[in-house]
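Please find the structures below.
You will see two complexes here that share chain A, one where it goes with chain B and one where it goes with chain C.
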Partner chain A sequence: MSSEQDHLKETDTEARFEFKKEQNAAVKSDKGLTEEVIRMISEDKDEPDWMLERRLRALKQYHNMPMPTDWPGQPDLTELDVEEIVPYIRPDVDKREGVDDWTELPDEIKDTFDKLGIPEAEKNALSGVGAQYESEIVYQNMQDQWEEKGVIFMNMDRAVQEHPELVKEHFMTTCVPASDNKFAALHGAVWSGGSFVYVPEGVTVEMPVQAYFRMNSEGMGQFEHTLIIAEEGSEVHYIEGCSAPKYGVHNLHSGGVEVFVEEDAHVQYSTVQNWSKNTFNLNTKRAIVEENGTMEWISGSMGSKATMLYPCSILKGRGATDTHITIAFAGEGQDIDTGAKVYHNAPETKSTIESKSISKDGGRTNYRGLVHIADGAENSSTAVECDALMFDNESTSDTMPYMEIEESKVDVAHEATVGKIGDEDIFYLQSRGLDDDDAKKMIVAGFIEPITEELPIEYAVELNRLIELEMEGSLG
Partner chain B sequence: MARLELSNLHAEVADGDEKILEGVNLEVKSGEIHALMGPNGSGKSTTAKVIAGHPAYEVTEGEVLLHLEEGEFGDEIEIDDDQRSWNILDLEPNERAALGIFLGFQYPAEIEGVTMTNFLRTALNAKIDEREELFEDEDADEDDEEDEGFETSPMEGPADEGEVGVAEFQQILQEKMEELDMDERFAQRYLNAGFSGGEKKQNEVLQAAILEPSIAVLDEIDSGLDIDRLQDVSNGINALRDEQGTGILQITHYQRILDYVEPDHVHVMLDGQIAKSGDASLAAELEDKGYDWVREEVYGTA
Partner chain C sequence: MSAATHTEVHANLTDEQVRQISDELDEPEWLLETRLDALEALESLDMPDVIRTPGRDWTNLHELDYESLVDPLNAAENKDQVGPEEAEVLAWSEAVNEHEELLKEHFGSVVDPQENYLTALSTALFSTGTVIYVPEGVDAEGVTVRTEQNSRSLFNYTLVVTEESSSVTILERQSTGEEQDEQYYSGIVEIVAGENSNVQYGSLQNLSEEAYNFTLKRGDADTYATIDWIEANLGTQLTKSGVETELNGDGSESQIVGAFYGHNDQHFDIDARVWHRAEHTTADLVTRGVTDDVARSVYEGVQDVGRSAWDTSSYQRENTLMLSDESEADASPKLIINNHDTEASHSATVGQIDQEDLLYMTSRGVQPRDARNMLVEGFFVPVLEEIAVDELRDDLEELIAARLRKRD
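Then we have the complex of A and B:
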């Protein structure tokens, strides 16, 4: 390892996230959203015609849809000018689909990921790591043993070329169609990179499959697409981390996630995101869960100027189960609007939503949830719990839990608590020797413990560290 | 040997003008047990909180002095002559803790998600760090900056130099819990969350046993305890004094605990002042006759 890399690893977490590299793009699109830009992206990716057509159709839908402005209490999106966003940057990597040997990466990209600790995680013999830099997956590694069992984990762009049937059938068709909302349409038009995960029938992938997304350039948009297909009786845990440094111009992250949980399958999707505080983070994430399938969404949303993110599970088959665990942290000038959506469309379906939010220095968090239990979904149950922790009187936290219950034979529970971080609690810890800051950190660490205990250790540590940094106000 | 000295202490509620302490004088030394008794509202708990630095109270007059002696914190920390007396009212609560003040709470906070083990190890190490800072030779080099690198995990990482590591701490904790007859599952439970009243009190004594204070102020540590638990807690308090030489200020309403923890001195607090002091027999007298006779004796009115 070079001495420069050694140096990078020694720098602290703040520097690791704020670290920016000179842009060295092979291909960079124009700003804005025109048919020419879309054609250029598709051509650069050498895509089949059907994908180009889907992109162009999504672009039309995007232009025909209004911005969402009529939601009660929604984040202010007026500063977001999509026409000023560069939707596509391909970094200068020789092999288009990314390299599978870390050492082949250009130094600038290696350095960035080194600082983020990605090689560390990789070294710990995790089953697979994909790393996306700007719009492209630049590194991908997957243990051979999983490939032998038929597990596919690859760059989404490459999956379009190599697994066209699977992609054609599942990509933005039944789960998240481009017509779903304005940002899903945008995503459908300009999507690039992301992960494709396919787990064949009956296969259990014991180690988490991991991806890391890094947005490095000023004024860009990142639109990775994640498509996970878990066939009958299979099991997989997909985990992603995301970050971006801060620039003077607004960035946009508008990812799309589609998960197909077939009969008796089990998918856990975990994400720890830390966007810079000028990023608009507007995503659509959805799972369709078949009979006796289980979907678990675990997410930590940090950073961003505004986040609108409501992972959704459609419980389509009898006995399908959904779990949502989310945590949001909003500091000064941030509006984190997250929650969960669950549609109970079959009998004996079950959902659990646990939402935790922390607001500080005038930040705002909002839990926006929708639980819909359809007529005929008898013996279904849902339990929603929202806990908000506020640091001061300037910060705000709202809870908007919508419940649409059309079936009477169901069990519905909702519980919400909002509290200011307790002076007595802080004093208690101080009287035991912790200073004011450490006391607050310990209380917050305890508050988010249900999330961290679900995550692999590297991510749990990272999440704790990010929250500590947020509390010190040291992340730009 | 340490000595805590309350001198003409006046205090009121910070955001009001309600006077609570009106000239408290009291002295507690290492190895002594003092019982502080008195009716509700006489200022006993406020005294405890003011000693520990609770932000809800403002001291308007008087001092709380802590006198330390050589060897107070073992051989590792050398106490210079000019650092032997501290007016602890100038210090943050955590700094007071580092100097050896411990407050056992009547109603301890419940902190979800923080295990007893994690909490106690963090507290112990925080205290060690803070002591180093308080007694630091100003010319000493500052090379012990905390390592913020990726390699050390805040959850399981190796201990920094001078800190108590996970394995070492487990052993300390296990021993202390055995002494107090506590279930070992306690260690993995969240701090006070869902603890019964008795478990909370036992936990306060456990914390004192681990943090090894010079002076422990125990605020109604006996309330809400059944007889078995009262004995466990009392044994813990006696061990603090006998094994660590802790000086104890025991706030209580009842004679009951004093049957197990025999006080060297008993003080009666009335209207924000120590109205009368005596030996253990005073507690028995109070049990018999209540507080009114003290009031009569001191103020000449009932």
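Then we have the complex of A and C:
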């Protein structure tokens, strides 16, 4: 406990997220989505033709698809004008693929990541780090010991050049095709940056690899693509962190994540998302899990104006397993619409979804989940548990699970509870000498503990600290 | 839903038909106008909402050929409308004569006639109905409404009004008389429960398995009023049924108990919804259902807690037992919570007969088939226990047992 507190003192989380930098751009696209913009991005990246073709195809699909407007109770997207978003900004870094030494970065960018504590985390706890600033990865490093075992952790743009066969096969083909939804199509057209992770058969990467995404400029869109391929029997833990300062106009984050979990492999994907409260966060994240593979999604959704994000696992092979652990926190003016999707497409597959949400000061949280058990997925089981905590009467908390069960030999259970923070609990803590604010903080910390205990300590501390900040904001 | 999927049923419906129905019931002008407005609105109204998930509508109402199903001037039924002397249980034409003010005040006040395409169709065309009026302080037990449908289509309307501190127990049944190939039964039920009154409304739907059914039952509970529903569905090939309570008065309560058993290719789309709109309101939703063969069940349960609904308690359970691999059970129990002073929970399960229980019973000498039937009957017990109307409970039990006996 004491070391956690020391850590808290050393890191001024609020300052780390609020500071802004002057724009530092070498190349900046025009606003809006036209074929010229797409060609410009592709050309600037010196991409092979097949990638340009995929982008242009995705652009067509994007223009042909309607905005999602008919979901019951969905976040309001009317303020989002994609045509006003700058989809591509390449910061002024010398090496296109990013540097592998923090000192080589321009001072403004280095400063940013210093303040976010990323270089520090790299030294202490990680196998590798990628850092994205605007649309490009500016820093990328992987510890030698993993490189020697054939692990690849590199920026996605570089992977297109260096591992074209792997990328061509897996990039937005079977997992998240551009046709999946409007924002997947948008992503397919303008994607830039992100991570490529490849873990060869049987290799266990014992420490997490991390990517950090920072949106610095006003009115921009960030569209990083993450592709993880975990070969048979391998194991990897990928952590992504995101942040952006707050500006008057809206930013858009629309990432794409594709994870291939081969036989007996194990992938954990952890996210702590703290976009500024003017960001629309509309992502598509999906994993395909083969026989006896395990996929774990762990997400903390703190920031953004509106989030629509439902990480999905397709349990394709017999005995595949999925775990979702999510926590959402919505404060004033925030609408966090998140949940989980699981398709049980093979026998003996198993999923567990644990969702916690907190809403206060007029914020809205919603758990929107889909569990589909296909005919023939016998002896599969799923357990969904959603708990919502509400602070005040301006806030809203909804739960909208959808269960489609086509197979009888299954075990399906869904449970959800909503409640206010317990007056008795607060009274008890106050009688033990805590003031009202601290009592509430402690109750919230206890409420989200099942999530934080799954995260590496740095992230757990971070998440706790962020939630404390959110609560201080109004408890004053 | 988009206009493109709109079913063009009104092509063969005319003002004259509606005027004739209204005229035969000797209805006042305002009621005729309400019907004609509903008829006109058909052009612009959508089908009732159904749940949509990626790639599918959970219930497809658009496949129905209303044009061939609906024959507005050919309505035939056997009806039984009885109740104790203290309460008034009136056929629609009687109610029109004797209680015009009551109808004027309450007709369409709980279910908007133009809420959707099917409610409007029902409003324009209903030819039979029941009005149950319970004066202040009266306890009325044993009101029964039996409807035996003997025509291709039948549109039924029921209005229940209970005055302060009264209570009523109503048992409604729908069945099919002479076997028809395909039938369409549509029913709207409105309950206006006055202050501190208590309404128990049990319904047992056992129409022919060729029939289609759309029903919407909704109650409005005043201060300290209680509306309890029992909703049992066994018949039809396609049922879209909504049972709903608006808790508009402080301290009002509602319980919705549901039971269904689908076999062959039956499709049941059953909604249970409650809106907490006042302080200290309580709701309890309990549904159990079985799907067999290639039957499909769709369950939507909504607990909606409004901004001003302080001190709400709201609970929901839904359990489905699947007896065959080809059947499908879909569920979406939703919580919409806008007031934090709420205790709310829901749970839902889907599974098959517990193999250990089965093994235990067969090891004690029970034939496998009997053991399975007993376990299915046992599955319904928690719901049957909630049914306070003996006759309905006994009948439902017997219908379940009979269906199980027919099973191979």
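One rule holds in what follows: the second predicted complex is superposed on the first by the 461 of 476 C-alpha atoms of A that agree within 3 Å, B and C clash if a C-alpha of one lies under 4 Å from a C-alpha of the other, contacts with A are read in each partner's own complex, and residues count from 1 in each chain.
Methods note: a residue touches a chain if its C-beta (ideal position, glycine included) is under 8 Å from a C-beta of that chain, and two chains touch if they have at least 3 such contacts.
If you're wondering where the values come from, they're calculated on a predicted model, not measured in any experiment.
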Which superposed partner A:145 touches (first chain B, second chain C, both, neither): neither
First, second, both or neither for A:434, with chain B first and chain C second: first
Which superposed partner A:460 touches (first chain B, second chain C, both, neither): first
Touching partner for A:404 - first (chain B), second (chain C), both, neither: second
Touching partner for A:174 - first (chain B), second (chain C), both, neither: neither
Touching residues (chain side chain B, partner chain A) in the complex: 52-56, 92-94, 96-98, 102-103, 105, 108-109, 111-114, 119, 122-124, 126-127, 130, 148-150, 153-156, 190-191, 207, 211
Complex contact set, residues of chain C against chain A: 51-54, 307, 320, 322-352
Contact set on chain A toward chain C in their complex: 70, 73, 370, 372, 375, 378, 388, 390-393, 395-421
Interfacial residue positions of chain A with respect to chain B in the complex: 9-13, 16, 117, 120, 422-425, 427-436, 438-439, 442-443, 445-450, 457, 460-461, 464-465, 468
